[in-house]
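Take a look at these structures.
The two complexes that follow have chain A in common; it is paired with chain B in the first and with chain C in the second.
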Partner chain A sequence: MALLSVEHLSVSYRHRDTLVRAVDDVSFVIEAGEVLALVGESGSGKSSVALALARLLPPRAVISGRAALKETSLLDASEETLRAIRGGTIAYVFQDPATSLNPVMTIGAQLLEAIVWHTPAGHEEARRLAVWWLRQVGIPMPELRLRAYPHQLSGGMQQRVCLAMALAARPSLLVADEPTTALDVTIQVQILRLLRDLQRRLNLSVLLISHDLTVVERIAHRVGVMSGGRLAESGAVDQVLHRPAHAATQALLRARSAMSFKT
Partner chain B sequence: MTDIVLEARSVSHRYPQFSGWLRRPIGVVRAVDGVTCELAQGERLGLVGESGCGKTTLAKILGGLLVPTEGEVRLRGASWAALRGAAYRQARALAQFIFQDPMGSLNPRLTVEQALREPLLIHGLAQGAACRARVEELLASVQLPAAIRHRLPRELSGGERQRVGIARALATDPKVLICDEPIASLDVSVGAQILELLRELSQQRRLALLFISHDLRAVACLCTRVSVMRRGRFLETAPTDTLLSHPRHPYTQLLIRCASLDLDAVDTLPE
Partner chain C sequence: MRPTPPPIRAFVWGKAMRESRLVVAGGLALGLLAVIAILAPWIAPYDPLAVSLPEALLPPSPAHWVGTDPLGRDVLARLMYGARISLVIGVIAVGVAVVIGTMVGLVAGYVGGRVDSVLMRVVDTMLAFPSIFLLLAVIAMLSPNIYNIMVVIGLTSWMGVARLVRAEVLSLKEREFILAARAIGASTWRIMWRHVLPNVTAPVLVAATLGVGGAILTESVLSYLGLGVQPPTPSWGNILNEGRVALGVAWWLTLSPGVCILVTVLAFNLLGEGLRERFLK
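Up next is the complex of A and B:
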């Protein structure tokens, strides 16, 4: 059985008296240890899919369809179940680390919170784990960093902390929503490589949201191309990018080759 | 060369740094540190570098929006610092800006037509019927339909908004267009179209472009020459093809590998 299965997912947003459909009958599965990327232009509905899984959408969103992570049904889960899901069985890393972190809490306090809340570890054990996770995401002198506030770290370091926080809860599924878009290109490469290495080492299951086909190519196994709220096509990354069947995929590939150079 | 429109000589800019509630000065940040460059008519110069390297500060200095703490910038031979009154206003018309976020750089309460009329009226370039004809001409030059002139910025797509921003910059018939991350907030396909438009405009009008971006791919795609900037300094400047095929500075080599997301380009451990 697939780790995550999403069937006929639709998301609409109430706007005045009408409903605007952002996601239209999307179905896909993610197997354990697999990276699935959803790629598309802005407004194609890819982030709405990602946020719908842990019901992080605003109240004006109307969700229909079914989604299940292992045995847990997600879209009709109770508030109590959702608290365990959010940041627990499904952990998120977002585009802008500066707004994902709490500016008035130290890195250590935020990491400990995630660990104590979502794992059986006690305080002493949680502290050890926090240091261990900071080391896993390549943060030097992790013991010292526990006392730092987010603004004392660079954007790349902040994103590493976000990744550590997400993984420290030992999620079944990591959702990475444009995790490198807000970063400088050299830092982008570092974070992507870190994500790829951690994914392999820990056998993570990942839903990656991106607008960049090259990012997808580097770390995803399978890809779904979204266009106008629908899943235009999906399949193995090699196959979809080398033999694109849908006009939306071809358009993304054209845009990429229009802006690339040979070295 | 006689067709140099913009040149900077040993330009530096320092921002003072303060700390604590007494705002005690604790030092200076050299945002731009001894930069010399020139821009010829019809040339498209790209400026790449990571955030905080001083790209935007340099752009403001070159466009006369910021007075450098050292050095001087000449627009068609006249120093920004020496220009006053009518001469200054005339120079302003010659060097125009396009910014990253067209939503932020367009007044949300002005229609497209009103936004395009403003520079025409301020610089006394057209009035009445001529003004209206000029607005249509400007819209046509950025490939927007004339019917769009009654719309407000929020009723436009990101790409349309950026085209309006370009049309407004073209209103005063400038010689230099300074583009500060003009496609950073657009989808890749829309960004590629804006690059194509900028290329056409610079070729048709012999317009000098200074194109600032953190994205080497976009710069390489549009520009004839590229300068790589880091920590306020120019590391190297070369024709685009030369820079890509024979990058001299290790940092340029790193940028090139990172631009194609070569995951082996950097160690996972931070700098």
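Up next is the complex of A and C:
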């Protein structure tokens, strides 16, 4: 049975008196240990899909359809269940680590929050775990970093901390929403490599949101192409990227070859 | 040969000092005032309450630096004791205002919707009253002692802080780290207390500093009108009031508390402006 199954998911946003549909009847599954990438141009609804899973969308969003993680139904879960799910079984990493860490809290305090809420660890144990996770994501001198504020770290380091926060409670699904878009090209490669290593070591399931096909090719097993809120095409990475059937996929591929021609 | 790099720490420190000359000036003035206020019982030249009619209305002299009042009390000693009252009332009144204003602004901004509308209409209503009449009315009903004055000044001056905090919270709650906090399972209360509140500290601190000056002024007004600190306890406002009757013959009685109020309020404003430049630019 699939780890995550999403059926007929639709998301609309209330705007004045009308509803604007951002996601239209999207269905997909993610197996345990599998990386599914959702790709598509800006505004194609891929981030809305990602945020809808843990109901993190703003109140003006209207969600319909069904989504289940193992046996737990997500879209009609109570606020209390959702709080346990968020960070506990579904964890998120966002696009810009510079803004997704609280500027006035230390790295340690933010990391400990995630661990203390979702694991039975006491304070000492949680601290030890925090250091261990910082080491796992490749942060040198983790004991010292616990007391650092986000602005004292580079963008790459910040994103590593975000990864550590997301993984610290051993979630079964990691949702990475454009995790490398805000980073330098050289740092992107490092973060991607880290993400792939961790995914393999922990047998994580990952929902990767991206518009960068190179990123997708490196770490995803399967890919879904979104266009105008619909899932235009999906399948194994090789198949979709090398024999694109849908115009949206072809457009994305053309955009990539235009980019690589320039650089 | 490579040139020696400039001593970075000294450079940065010097720059910070130059930038915040206002903070330093205001801070020094207030520090001095605070020391005088705290040490008043030990450094005041006379007992501020000791009446000595033969020495009434003496002009400034080496024996009485700021002269004496119609009852022969030493004005310098009364000003020193008055500083204690003014500073304590200013700080505590603003403390009350900051606590109420921050809570209201935080809840209104973060919860939003109907709660926000109701709270902000309350703020508008409070602001619609001329605060001096509100103060006078409330003080007239209660007895005019120091504690009532502090609380009532606080209760009539929290609205600015509430609006400020609400505006900050509205922009903070759209930031990605709030989404990130929700995404690791933080409850609404937790996000408000641990993630939003610490981020509004800087603007609130600036508003509070500027507010202390205002509160001291309000206390002086109330005491001047006879509804503040009651004689014989000296406060700058009632020293001013007592000097009013002797304005023609004893200029030092009204000038000296006036200068004290001016310097103190100015110092708080300089400090507040300096902090604003430092933190909010």
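By definition in this document, the second predicted complex is superposed on the first by the 260 of 263 C-alpha atoms of A that agree within 3 Å, B and C clash if a C-alpha of one lies under 4 Å from a C-alpha of the other, contacts with A are read in each partner's own complex, and residues count from 1 in each chain.
Keep this in mind: a contact is a pair of C-beta atoms (placed from the backbone, for glycine too) under 8 Å apart; a residue touches a chain by one contact, two chains touch by 3 or more.
If you're wondering where the values come from, they're calculated on a predicted model, not measured in any experiment.
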{"item": "Partner chain(s) touched by A:Ala84 [first = chain B, second = chain C, both, neither]", "value": "second"}
{"item": "Which superposed partner A:Ala54 touches (first chain B, second chain C, both, neither)", "value": "second"}
{"item": "Greater residue coverage of chain A in the superposed arrangement, chain B or chain C", "value": "B"}
{"item": "Contacts of A:Phe94 with chain B and chain C, given as first, second, both or neither", "value": "second"}
{"item": "First (chain B), second (chain C), both or neither touched by A:Pro120", "value": "neither"}
{"item": "Which of chain B and chain C A:Val104 touches, first, second, both or neither", "value": "second"}
{"item": "Partner chain A, residues of chain C touching it in the complex", "value": "175-177, 179-187, 194-195, 198-199, 201"}
{"item": "Touching residues on chain A, where the partner in the complex is chain B", "value": "41-42, 138-140, 155-157, 160, 184-190, 192-194, 196-197, 211-212, 214-215, 218, 251-252, 254-256, 258-263"}
{"item": "Of all residues in chain A, those that touch chain C in their complex", "value": "54, 56, 83-88, 91-92, 94-96, 99-105, 113-114, 117-118, 162, 165-166, 169"}
{"item": "Contact set on chain B toward chain A in their complex", "value": "50-51, 158, 187-189, 191-192, 195, 214-218, 220-221, 244-245, 254-270"}
